[in-house]
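Common to both upcoming complexes is chain A, partnered first by chain B, then by chain C.
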Partner chain A sequence: MSITVLLLITGLGLGALYFLVASGLSLIYGLMGVLNFAHGAFLTLGAFIGFEVSRAVGATTWPGFAVAVVLGALAGAAIAALSELLLIRPLYQRHIEQVLVTVGLGLVTVALYEGIWGTDPIFISGPAWLDRTTSVLGANVPNDRFLAIGAAVAVLVGLVLFLKHTRYGLVIRAGVENRAMVTALGIDVRRSFTLVFTIGGAAAGLGGVLASQYFGYVSAHLGGTLLIFAFIVTVIGGLGSLTGAALAAVLVAVPQQFANYYLGIGDLIAVLALALVLLVRPSGLMGAKAA
Partner chain B sequence: MSAVLQVEHLSASIGGQQVVEDVSFSVPATGVTAVLGRNGVGKTSTIKAILGLVERSGTVLLDGEPIDREPTHRIVQRGVGYVPEDREVFTALTVEENLRLAVRDREPRRELVEALFPDLVRRSAQRAGTLSGGQQQMLSMARALLNRNRLLLVDEPTKGLAPKIVTELATALQEAARTVPVLLVEQNLQVIEQLAQDVVVIDGGRVVHTGPAAELLGDEAAVRRYLGVHAEQPPTARRSDDDAPGAQPPTARAAEEARP
Partner chain C sequence: MNTPTSTPTGAADPATTSDARPEAVRADDGAPGGAGATGPTAGRTGLRARLAAPPARARGAAPWVGAAVTAVVLAVLPLLDLRVPGVLPGPTYTPGTLHLLALCLLYGALALSYHLLYGVAGMLSFGHALYFAAGAYGLAVVLQRTDLPLLTGAALVLVGAVVLANLVGAISLRVTGVSFAMVTLAFAQAGNVVARRNIGGWSGGEEGVGLRTANVPDWLVGVADTRNVYWLALAVLAGVYVVVTWFQRSRAGHVVEATRENELRVRVIGQQPYLIRLLTFAVAGALAAVVGMAYLLLQSQAVPTISSADLTITLLVMVVLGGVGSRWGAVVGAVLYTLLDQRLSVFASSDLVQGLPAVLHVPLSEPLFTLGTLFVLVVLFMPGGLAGAAARLRQGRRRR
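Then we have the complex of A and B:
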């Protein structure tokens, strides 16, 4: 029983990290038709910036951690916004080139991060509470799992409210369905391109800080590893759907944890889930719908 | 009379293939100008080229100012309302959200739209994807009528709709046309007769005829030549994607389909 609870909550924590990456991927693809292979780079930068600032402020203190979260998310948002403005926008409507640019950016940034922070993983520490466990139905669950889950739920709720109740959210939801018609209503849809990149980058940057707590280290490859599973989650959820991404994140990560523990084939499970969904529902669980 | 829109040597291509060859015509500052032509001759592409929704070259002047190098949203912001073929409402959004998205004016003409389409008021919280074809068309037209435009581009608003809805839409258009010039793509000759003062006939990606609507409709041979249909042809039964199938006035489309 206790191992089931532990695997379940750990799986949810992993799913939370997937969602923080997949939410941005899904919105960006849904609105712009761009598969953003640089998204992992946004996460990794968030993780490194979080590591640096928490070290400066005090890695094991809550203020240090809070500043790391905020600046990690801001770093993710900044690099994402710059990528969109400088690399994606000049290639407007040239999707293949846009995707290739993101692939290039993903590769270059890994090399850059290795140049700055080295090729070895850097083990990190956070506030003592995060290293402790909480007993849930007899299982000793590491506290960083709860933090990741809480953050992902907050991001999901925040994004849904934003999409449902703001003018920009309305433009994004409409753009996911029919971008040309949005421009034909007199709306400059490119502004919302920068916006979804920025939002997605912030979520990824936050995910970077939380992932480094979850895994206990930072490395230049942190984002790339999560990105692969986040892509799977995005496709299973339905490209463009936020709630689909949330659902799929859980449906991928939890079985992945169980399969890893009992069979050691967690990654295979994720790929099989992808294959199954593509066969049965090629447009993903929720099709293309922003919220 | 001055023209609100002048189109000169406009050509357009989709996916590298030229679909509008060399189109020139102008739209007077008042009334309805109808664009006619058989299926696939490039009517929709011409409208889309004016709006910059497809790759285009040539000259397009709105009130004398060139708009042929502007992006679509700027052209629309200059006061061009667009009612696309196949409605293109946002199905995942509610009726109200569709309308709110379309508002550009500081004081949108809500009362006008609500008076023309009371059905939309009742259904404001309904998802547009669950509306009937006729209701979606009304929503699409309402989006364009909310703002005070200098020109409306309306592409086959009656396509596939039941006669009762066609009448309702034609009346709404007639009402709208009293305050804004309209460029209307339409295959329903009765609607053209009711609304249009001028016609532009397109064939093979080029303009083959322009002139007063009454003159063309009165010339049976010309109608037959350009559209492949008799103006006086008896109503043909035609399937409709709206609530009730029923008798339809003759259309170029129906005639095309009926041809051996």
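Then we have the complex of A and C:
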């Protein structure tokens, strides 16, 4: 029983990380039709900036961690906004070239991280509370899991509220549904492209700081590993659907944890789930809707 | 019998003249238009070049002569004492240089198989490494575990790779475009996991599987026999080139190109895009597996990195650098990339780079940084890659 609870909550924590990456991917794809291969690089930058900042302020203190979270998210947002403005925008409406540019950006940034921070993982520690465990129904669950889940839920709720109740959100939702019509109505959708990229980058940067706590290390390849599962989550959830991504993140991560523990083949389970969904429902669990 | 044949020719004649007339008109218009007219003109000249392609091809066997001459030059390289300082590590007859050259040729062949997927069929696959790794790992495991001779084992692995490609392709092709890219990526990742996890002790985990040479002919084994492996690599490249060319000119090739351009129209004609795509996917996978087997003989081991998404991304970079849709572009892109990768690593550890301040030294010590930047620049500013640039040069010269 305690093992089941532990695996369940750990799986939810992993799902939370997947969601933080997949939410941005899904929105970006839904609105712009761009598959962002550099999204993992945004996450890694958030993790490294968070690591550097918390080291400067004090890695094991709460203020240090809080600053790391904020600056990590900001770093993710900044690099995402810059890459949208400098690399994606010049290739407007040329989706394949846009994908290729993000692939190139992913190569360049990972190489740069390796040059700056080295190829080996750097092991880190956060506030003492994160390293401790809380007893839930007899299972000793590491506290960083709760933090990841809480952050992902907050991001989901925040994004849904933003999309449903603000004018920008309205434009984004309309853009996902029918971009040509929004443009025809005289709204500059391109401004919301930058916005969506920035939001996605911020979520990824936040995910980077949390992922480094979850796994206990930062490395140049942190983002790349998560990105592949985030892709799987995005496709299963339905491209462009935020709630679909949230649902799929849980449906992928929890079985993955169980399969890893009992069979040792968790990563294969995720791929099998993808194959299954594609055979039954090629458009994913939920269609293209922003919220 | 005369009347029916004369009708199509009669119909074709005005078509060609009417094609030529707007072209002449446009050329007159374009001259005073100057720089402002480059946008639409470039598109139209591209189309014109494509329309003009079949007669050029029919005019003679010029491309084949070029390919044959290149192949002969490459074939005699191991017998010569050529030195290209800065590009090759040593004279061309030394095993080290031949090893690098063979690697270039094999990557050229692999990039060609990827060209079939991406350049011809327009399928952006991120899982092509799976079939390459299936070839290398498959042959390594077969040689390790059985007493089959090399060729029988290779045939067995090829059959396995074709089955695998059909299986994965059948599922992945249920979606198209970007979803297809992600799904193929996921499958390749599964292959990568299997290779790294050492499930059942077959794949050897991070260390990979070594080449057991008991059933490999002696002339392929030793360091001194590198030139035999080099010739093998050249043969593989030539073979893949011929197969890809043949496929592109076959009816299946035409249909798959049409599918890339307009799937709906292909369906209206009564063709089945799904099956034709699956065929292309399987052919490209089989070719990649063959290259993988040659790669195993060259490198003497199969390691997990050859199954990673990074390898597929490398292939994509090669094909885009060379020019999407161009066969020789893919090969040249692959050779250029492999040489650059190799030489940039050497350059990175040179005293010149090590002595630079950190701002320059850090990026320059990472070959992938330079290659990635080059790639981004090509995508942004050089559409069509090397092949596109060459075509523009040729066209510019003809106009003058």
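Some observations on this one:
What we mean here is this: the second predicted complex is superposed on the first by the 291 of 291 C-alpha atoms of A that agree within 3 Å, B and C clash if a C-alpha of one lies under 4 Å from a C-alpha of the other, contacts with A are read in each partner's own complex, and residues count from 1 in each chain.
Simple rule for what comes next: contacts are C-beta pairs under 8 Å (C-beta built on N, C-alpha and C of every residue); 3 or more make two chains touch, one makes a residue touch a chain.
The structure displayed is predicted, hence computed values, not measured ones.
Once the two complexes are overlaid on the shared chain, A:Ile187 sits against chain B while remaining clear of chain C. Counted by residues of chain A touched, the larger count belongs to C, out of chain B and chain C. By the touch criterion stated above, A:Leu112 is placed in contact with chain C alone, chain B being left untouched. Residue contacts after overlaying the shared chain place A:Asn178 against chain B, while chain C stays out of touching range. In the superposition on chain A, A:Pro90 makes contact with chain C only, while chain B stays out of contact range.
By the touch criterion defined above, A:Leu263 lies against neither chain B nor chain C after alignment on the C-alpha atoms of chain A. Look at A:Leu137: by the touch rule set out above, it reaches neither chain B nor chain C. Shared-chain residue A:Leu170: touches chain B; no touch with chain C. Listing the residues of chain C that touch chain A in their complex gives 124, 171-172, 174-175, 178-179, 181-183, 185-187, 189-190, 193-194, 197, 199, 309, 313, 316-317, 320, 362-363, 365-369, 371-373, 375-376, 379-380, 383. For chain A in complex with chain C, the residues that touch the partner chain are 29, 33, 35, 87, 90-91, 95-97, 99-101, 103-108, 110-112, 114-116, 224, 228, 231-232, 234-235, 239, 264-265, 267-268, 270-271, 274-275, 278-279, 282. Listed in rising order, the residues of chain B touching chain A in the complex are 51, 53, 71-73, 76-77, 82, 84, 88, 90-93, 97, 100-102, 104, 143. Contact residues on chain A toward chain B in their complex (touch as defined above): 170-171, 173-174, 176-178, 180-189, 289-290.
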